[in-house]
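Below are structures written as structure tokens.
Across the two complexes that follow, chain A remains constant while its partner is chain B and subsequently chain C.
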Partner chain A sequence: MKRIEKNKFYEKLNDLIGEYRVFAPFGDRYRYIEDVSEIRFDGLLTKMSPKAHFLPQEEELFRWDERENIKVKDVNDKYIVFGMRPCEVRALSLLDLVFNTEKFPDPYYINRRKNTIIISIACNEPLETCFCTSFGYGPFTKGDADLMLVDMGDYFLGEGDENILDLFGFTDSEEDYKELKEKAESKIKRIEIQGIPEKLEQIRETDFFKKITQRCITCGTCTFLCPTCYCFDIQDRNRLNGGKRVRVWDSCMFKIYTQETSGHNPRYEEYRRVRQRIMHKFAYYPSLYNQYGCVGCGRCVTYCPVNFDIREVIREAGGYNG
Partner chain B sequence: MTEKIREIARRILENGEVELVIGFEKGTIPLKSRPVFIEKPEDVEKLIWDGFCENNLATYLRRYKGRKVGIVAKGCDSRAIVNLIVEGQLNREDVYIIGVPCTGMYDRRKMLRDGKLEPSDDYLFMNCKTCQYPTPVLYDELVGEEVSPRTRDYSDVGTIEKMSSDERWEWFQREFSRCIRCYACREACPMCFCEFCFVDENRPEWVEGGIHPSDLGFWNLGRAFHLAGRCVECGACERACPMELPLMVLNRKMAKDVKEIFGYEPGVSLDEKPVLGTFNPEDREDFIL
Partner chain C sequence: MDNPYVPVPMRVKMARFESDDRSLKTIDLEPVEGEIFDFMPGQFCEISILGKGEAPFGIASVPWEGILRFTINRAGVVTTAIHQLEEGDVVGVRGPLGNWYPVDLFEGKNIVIVSGGFAFTTLRSLIKYLLKNRERFGKITLVYGARRPDLLLYRDELDEWKKSGEMDMYITIDKPVEGWEGYVGFVPQVLEQASPSPENAYLVMCGPPAMIKFTLPVIEKLGFKPETVFTSLERRMKCGIGKCGRCNIGKYYVCKDGPVFSLDQLNKLPKEY
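Then we have the complex of A and B:
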């Protein structure tokens, strides 16, 4: 294991700002910082997940001028995302399945992903709403992070890419984080997901989804805060002397999302939209990629205005015999 | 009051007066009571009443048009119901109102931030602290003693009014730049019942998607203006907002102005016409540019 004093780590991170654009926790969300003193951890998880770096809420794809010369937006900057949690790192590996495919590679996403060093922090104190261990990983999983830190008070233990450990000046240490890891894992309440994809397919046309939808007001809070939700809309911004095409976040919870040009809307009723969200994560993702589309971060549980609780929905689906 | 609510719910479900009762049950996260939909008399035990019933259940009524529904309503919720009736969105006879005199709801997020689990007056929502209609204005049955109105106080609005226009613009831009366009405010609001919201309009696109400051401003101001003379100050939007934007300051400014200019408060009488739906030659015009 390697270790580094916190002040030394942050000093080095500060030095790297300039060469890298650093995306770090800033209260309720992440933002690109100019100085490490701006970093603000408000609890374990930011409200907005750091997916906003890889899939910005509003992203220019290309622009044109009055002569219709087209200029495609490059993503060449180098980035560091600091402070991601294991669930958020795992969410990226799920987004890769969608945006980094052989058939439809998304250059914007792929470039950002490729040009970004991910420094994650393990979760010593998981939240009441965390259920990550349900999905075969946990609060101390490094996953796709280039470097995972473990907070030891005055110092970090580090695990990951040797070059990055050297870059920051980590030194050897005899310590390990086994005990912290076990303690954290033992705090997390798992949900039972065995057989859920098949069960959801079975009950797709029953009243189950109408029942659970009663409470949902179909706002987009869950999907916008979710680290794995990626639905988007493509819009053209036409101006007098040119314009640009942008990609903006969208949500399957919105009625307009599936509204067709003819006026027909296959997901007009609320329950069809809620069903889509649940099925996408717990049935379609497994059948397409053999992975669940949920990482168990609990944001949708915590911030839902009406306490629509996905853990409960999965449990009820498992026991539904209607 | 919980017992009384259960008793009424059971009775109106059993005798077939309603097919559904919308009320509150205990939530799955701390200090949260959440909407529940009771269809069977044996499920009425789920119903509860406490200081964390922060949602306005009237927002669900648009889904049950033409059906008989029972609803648990605080003062502000009852005002929303009245306004829905006044605006032709709901028939009085379709809804059985279980009125709950309300002593105010507590801001769970603020409490949790401060590590408090016991409610106290410090944590009452601003609109509850200054509530003029704690007792439902319309009900079929009232489950408790009437509660006296609190002292009218718009000092939160006053703080913003006192700013210079530059300061105010700076405040607005700073606060509302945090909006993520999730529309939780709209969906939580009983008065936001448009079949097609102006912000979703895309032929042409009145408001562009994304988070450009002008679009965030347009959306939030547009929303507030559409609620002028209609907002019943229940605070459901602000309580729903995941980013905790000060939405009620805009809404309360509108409510205050409408009251001062036209002497009108929405949702307090079934007989009054909506303020923006009528014209009176005596109306003040000095605010028109």
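Then we have the complex of A and C:
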């Protein structure tokens, strides 16, 4: 194991701002910081997930001038995302399945992903709403992070890429985090997901989804906060001498999302949209990628304005015999 | 890396209104630079008008015509902008996108094509393909209907095909009109009259929802099995490459896994189209 004093770590991180654009927790969200003193941890998880770095809420695809010459912005920035939690790192590996495809790979996402060093922090004190261990990983999983830190009070333990450990000046240590890990894992309440994809397909046409939709106002908060939700709209923005085409976050909870020009809407009824969200994560994703599309971060549970709890929905689906 | 979001500029080589009410416009596009890309019947493109947006349209031509043909119904912002195009104007094109009619599967079989209204576009592409490779396919039957004669697409070609005798053709309009010598009646009834055999045959169907709804029972009655019936779906689309999320039906994305599906596939999916 390797270790580093916290002040030494932050000093080095500060030195790297400039060479890298650093995306770090800033209260309820992440932002690009100018100085490490701006970093603010408000609890374990930010409200807005750090997916906003990899899939910005609004991202320019290209712009054009008054003669309609199209130009794609050349982006060569290097980034560090500091402070991601294991669930958010896992969410990235799920987004990779959609964006880093053999046919039609997404150049914007892949560019950011490739040019970003991910420094995650393990979760010593998981929240009441965490259910990550349901999905075969946990609060101390490094996953696709380049470096995972474990908070030991005055210092961090680190594991990951040797070059990055050296860059920060980590030194050897005899310690490990086994005890912290076990303690954290034992606190997390798992949900039973065995057989859920098949069960959801079975009850797809029953009243189940109509029933659970009675609790949902299809506001879309869950989809914007979810680290694995990636749906987007493409819009044109006109300017005086040209314009730009952007993609912006969108949500399957919105009626207009699937509304066709003719007025026809295949997901007009709210229950169809709720069914889409639940089944995309718990049936379609497993069927396509052999992975659940949920990482168990609990944001949708915490921030739903009407207490729609996806853990309960999955439990109810498991026992539904209607 | 190729950027799949950036449209390729193409010039309008020909633009004409297809119907008397000017609701349908046909445009032929050719690349501003270089040759046209290769594609298969049933595939589609995103046509882009900078500042207005993009929309998906099925390709009505075949690659050896050297152009991309689209016939477009004026309905919203993008299609209205497309209707204002004149010869020489430049638009953006992304494509070819999506899958295609399974022409390899059709080899040596009889093909029945059923269509209504302006959904006929990609079926023109299919028919051109079948006729070009005529010896590889069995009997071809076309049942095609529209409300009025002027709403039938590509009427000159319909006449040519009729004369050539390479297909059995049942062209129909909803109500009798003076001077009309073809069939009169809705597509499902005319299909029943034509009564093509399901033996050694595949059926391809594209049309408005009402036509499909009433044609499906006829297809079943004729004895076509769901795995031998293919249709092309439309959904609201944005990216066209399976990323933006909105066009899925169950685990399939219409843009990437479709737009062509067999009835057998659709029967297993939620009715969200």
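Definition applied: the second predicted complex is superposed on the first by the 322 of 322 C-alpha atoms of A that agree within 3 Å, B and C clash if a C-alpha of one lies under 4 Å from a C-alpha of the other, contacts with A are read in each partner's own complex, and residues count from 1 in each chain.
The definition used in the following text is that a residue touches a chain if its C-beta (ideal position, glycine included) is under 8 Å from a C-beta of that chain, and two chains touch if they have at least 3 such contacts.
Quantities reported herein were computed from a predicted structural model and do not represent experimental measurements.
S.K.: Given the superposition on chain A, are chain B and chain C in a clash or a fit?
M.R.: They fit: once the shared chain is superposed, the two partners occupy separate space.
S.K.: Taking the superposition as given, does A:287 touch the first partner, chain B, the second, chain C, both, or neither?
M.R.: In the superposed model, A:287 contacts chain C only, not chain B.
S.K.: Taking the superposition as given, does A:230 touch the first partner, chain B, the second, chain C, both, or neither?
M.R.: Once the two structures are laid over each other on A, A:230 reaches chain C alone.
S.K.: Taking the superposition as given, does A:68 touch the first partner, chain B, the second, chain C, both, or neither?
M.R.: In the superposition, A:68 touches chain C alone.
S.K.: Does the superposition put A:142 against chain B (first), chain C (second), both, or neither?
M.R.: Touch status of A:142: no partner.
S.K.: Once the structures are superposed on A, label A:57 by its partner contacts, choosing first (chain B), second (chain C), both or neither.
M.R.: first
S.K.: Determine, under the contact definition given at the top, whether A:210 touches first (chain B), second (chain C), both, or neither.
M.R.: So A:210 meets neither chain B nor chain C here.
S.K.: Now for A:48: first (chain B), second (chain C), both, or neither, which partner does it touch?
M.R.: In the superposition, A:48 contacts chain B only.
S.K.: Between chain B (first) and chain C (second), which does A:220 come into contact with in this model arrangement: first, second, both, or neither?
M.R.: first
S.K.: Identify which of chain B and chain C touches the larger number of residues of chain A.
M.R.: C
S.K.: State whether A:246 touches chain B only (first), chain C only (second), both chains, or neither.
M.R.: The first partner, chain B, only.
S.K.: At the Cα centre of chain A, what angle separates the centres of chain B and chain C, to the nearest 10 degrees?
M.R.: 90
S.K.: Using only C-alpha atoms, work out how near chain B sits to chain C after the chain A superposition, in angstrom.
M.R.: Distance of closest C-alpha approach: 6 Å.
S.K.: Which chain A residues come up in both lists, the one for chain B and the one for chain C?
M.R.: 233, 235, 250
S.K.: Which part of chain A faces chain C closely enough to touch in the complex?
M.R.: These residues of chain A touch chain C: 61-62, 64, 68, 70, 72, 98-99, 101, 103-108, 110, 204-205, 230-236, 238, 243, 245, 247, 250, 252, 257-262, 264, 266-267, 272, 275-276, 279-280, 283-284, 287-288.
S.K.: So in the complex, the part of chain C that touches chain A is made up of which residues?
M.R.: Touching chain A: residues 1, 3-7, 9, 50-54, 75-76, 79, 90, 92, 209, 234-236, 238-239, 241-251, 256, 270, 272-273 of chain C.
S.K.: Hey, which residues of chain A end up touching chain B in the complex?
M.R.: Within the complex, chain A contacts chain B at residues 28, 47-48, 57-58, 128-129, 214-215, 217-221, 223-225, 233, 235, 237, 246, 248-251, 254-256, 270, 301-303, 305-307, 309, 311-312.
S.K.: Within the complex, which stretch of chain B touches chain A?
M.R.: Interface residues on chain B, with respect to chain A: 27-30, 32, 34-37, 55, 59-60, 63, 178, 180-184, 186-188, 200, 202, 205, 208-212, 239-240, 242-243.
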